[in-house]
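Please find the structures below.
You will see chain A twice below: alongside chain B first, and alongside chain C after that.
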Partner chain A sequence: MDVWQQFIILLEGVPLTLSISIFSFLIGIVVGLPLAFIRVYEKEISFVVDAYEKIFRGVPEIVLLLLFFFGLRPFFPFPFGNAFFVACFVLGLRSAANQSQIYRGAIRGVGDEQMIAGMSVGFSKWRAIWYIMIPQVFNFSTSGLGSEYALLIKDSAYVYVIGLAEVMTRSLQLAKSGPGDYVTPFVLGAAIYIALTFPFAFWLDKWGNKRKKKIGL
Partner chain B sequence: MADFVMEARNVYKTYSIKKIKKGDAACNVPVKHQVEAVKNVSLQIRKGDIKLIFGPSGSGKSTFLRCMAMLDIPDKGEIYLGDECLTAPGADLNKARARIGFVFQHIYLFRHLTALGNVELALRQVLKLPKEEARKRALDALNEVKVSDCINKYPAQMSGGQAQRVGIARAIARNPDIILLDEPTSALDPELTGEVIDTLRDLAKEGTTMLIVSHEMPFAREVAEEMIFYDEGKVVETGPPSLFFNAPNTDRAKQFMTRIINRTTRE
Partner chain C sequence: MLEFLFNPMHQGWIVQGLFLTVEITLFGVLLGLGLGTLLAIGDIYGKKPVKAAIAVYVEIFRGSPLFVQLFLAVYTVPTILNLQIDHAILAFLVFGLNSAGYQKGYVKGAMETILDDQMQAGLSTGMSKIQTLRYVILPQAYRIVIPSWTNEFCSLTKSTATLGYLGFMDLVGAGLAIKGSNYEILPVWIVIGAIYFVWITGFAKIMDVIYEKKRIPGVELAMQS
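Moving on to the complex of A and B:
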């Protein structure tokens, strides 16, 4: 099999790698934002968030993937029987723990004054968060989110352990099936991962700088 | 029907700040330090009143004003907005704050919104006005403070005076029962101060109920019905401007007025 053929086989794994990363990223936003605001503004229950973050940041993804997929599948075939779901679920919740920390810094950057100004016009705490804090939080977290996204693209490689045919799984199969060529498939895979990570992080950083200029930071 | 638009009864507020105490060698120890910013302060405001609080910086004027809007919760005492006791447990503070306009010393416009967006947001999302009406009222308010030329500018693109007038527009657009202004001009340079003072003068002419923390003495003399001299967390002396500008009763007020008037004439 020539290099080009191998490359095509790997490319066919890109949609899966991308969709796992993007879904996980989105889950990370949706779960991570509330976690961050709870830690900053609901001090009484922030210990729960703290525990959550410690667990998801402290346990290797590969352990979590195996645990949720093979551990929970017998008891909850739906949804844990679905490898794609488990991949997004685990990587998403792990990302939420990371993103929560990114947003916490960003909330400090936006500043408590914005929150007070929001409450002064009649918003409740959580509605001020929604209308005033969240739109500004992203301006302060673009560089952190860029590297978080890169991390997700890379970590999506771990899902080969639950048998999803994404880029890493395909590299591994090519390496095993070929006549002892372990270099080509993995170099090609590495190139694909680099191509997937950087453009988005770059664009996000640019967008963030533009936004920051607009609001005068 | 309550007599007062707003009333504070025996309000107390203490807060603790962490001061860094320089220790031996390289260890700086944070020490908790209690500040009694408001000690047994009472105040009544009738409809159409314009009252002005002044006094040395750090005396707790701003904290008291924030207590009035329940942006800081008083430790003791009651705040009434009309008949409603805001310090009672279960009071709907969000609803109450929607009826109080608050103008900040450092302006605090929503940085991600244009001038129009800043004024419109609460009309749409707090008062739940339909889109058209919210827009109309926001434009009216911006017009009133004479910033209709920068409705589509972001706070970062405005001058301090424009931004503060947008801040005032944001406060008045909801037709609040009262407007609380916390040193609205002290963060601005003298030229811009004039614009904002003109706006406040216009509001005063329209009979807007206002409680203002300010050191703008000529303005105070012109519009205030009552001036309140505030020092070390207490109301030291209360009276019409004529009292303070001629002969205040307390030595502390006399001292402060002399200093302020000297400063103004020197400029």
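Moving on to the complex of A and C:
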């Protein structure tokens, strides 16, 4: 098989890599934002968030994938029998733990004054968070989110262990099926990953700086 | 449920796996610190080509998954060099080189918070540039960098979980081996996960205490990725 054919086979794995990363990223936003606000504004229950973050930052992604996929599949075949679901679930919840910390820094960046101002004109706490804080939080978290996205693309390679045919898995299959040529598939695979991570993180950082300039920061 | 914990053979595997995980992480993170420091110095003082080379190095090691880098090293380097190299050494090198890509950023950030004033002060007392770096800047930079270094240690520990899939007997490798012997799988992975959790969280706690003891009052690394 020549290089070009191998490259095409690897490229066919890109949609899966990207969709796992993007779904996980979205789960991370949906779960991570509330966690960050609970951590900052609901001091009484913030220990739950703390424990959540510690667990997801303290256990390797591979072990979590194996645990949820092979461990829980016999008991809950419906959601956990689907490898794609498990991949997004685990990487998404892990990402939420990271994103929660990014947003916490951003909330500090937006500043408490705005929250107080909102409440003084009659917003409730959660309405002020929704209408005043959340729209601004993203301006302050672009560089963190950029590296989180790159991290997710790279971590999506771990789903090899539950058998999804994304770029990493395909590289390995090519390497093992080919006539002893291990170099090409992995070099191509690594190049694809670099091409996927670098531009977006770069662009997001630029966008954030522009936004900050526009609103005068 | 937890029969496998009382089987001496499986206990042995888990202990062996923990040792390998800890060992390769420690060596990797220390190699990364040394190399990362050199890269940081090169990035601050180097000429344009040096800086460009360092940027490419960092982009390669930070832009591709460690999993791919490991497979690439273990499968291809012996073929290319036509040499039999111990896989453990290759894995250790990959972890070190990869970690250096990340730690370069942390060390550079720490150096930059103290660099300008103190470098001038050092030079004005008659020390050379290298002496100032060695005796003034770096000792402080290492104190500032402890929290980011701890993060890097934790994430590198988690990355070593890939080793089990390259045939090493690390904690995941132990789990995979135990899984082969007909037990329920869920408890095995819960126990393995718990061991990682205790080791990583405990280590981070210890480093926090050390940081509190060693921190330089008033100087803190600005949050950066």
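As a working rule, the second predicted complex is superposed on the first by the 217 of 217 C-alpha atoms of A that agree within 3 Å, B and C clash if a C-alpha of one lies under 4 Å from a C-alpha of the other, contacts with A are read in each partner's own complex, and residues count from 1 in each chain.
Heads up, the rule we're going with is that contacts are C-beta pairs under 8 Å (C-beta built on N, C-alpha and C of every residue); 3 or more make two chains touch, one makes a residue touch a chain.
This is a predicted model, so every value here is computed, not measured.
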Chain B versus chain C as contact partner of A:72, first or second or both or neither: second
Which of chain B and chain C A:57 touches, first, second, both or neither: second
More chain A residues in contact - chain B or chain C: C
Partner chain(s) touched by A:105 [first = chain B, second = chain C, both, neither]: second
First, second, both or neither for A:136, with chain B first and chain C second: first
Touching partner for A:127 - first (chain B), second (chain C), both, neither: first
Which superposed partner A:116 touches (first chain B, second chain C, both, neither): first
Which superposed partner A:187 touches (first chain B, second chain C, both, neither): second
Contact residues common to both interfaces of chain A (with chain B and with chain C): none
Complex contacts: residues of chain C adjacent to chain A: 59-60, 62-69, 71-72, 75-76, 79-80, 154, 157-162, 164-165, 171-172, 175, 179, 185-186, 188-190, 192-193, 196-197, 200-201, 223-225
Sites on chain A touched by chain C in the complex: 54-55, 57-64, 66-67, 70-72, 74-75, 105, 143-144, 146-147, 150, 153-158, 160-161, 168, 171-172, 175, 180, 182-183, 186-187, 189-191, 193-194, 197-198
List of chain B residues in touch with chain A within their complex: 69, 71, 94-95, 97-100, 102, 104, 106, 108-112, 121-122, 125-127, 154-157, 170, 174
Chain A residues touching chain B - in the complex, by the definition given at the top: 113-114, 116-124, 127, 131-132, 135-136, 139, 214-217
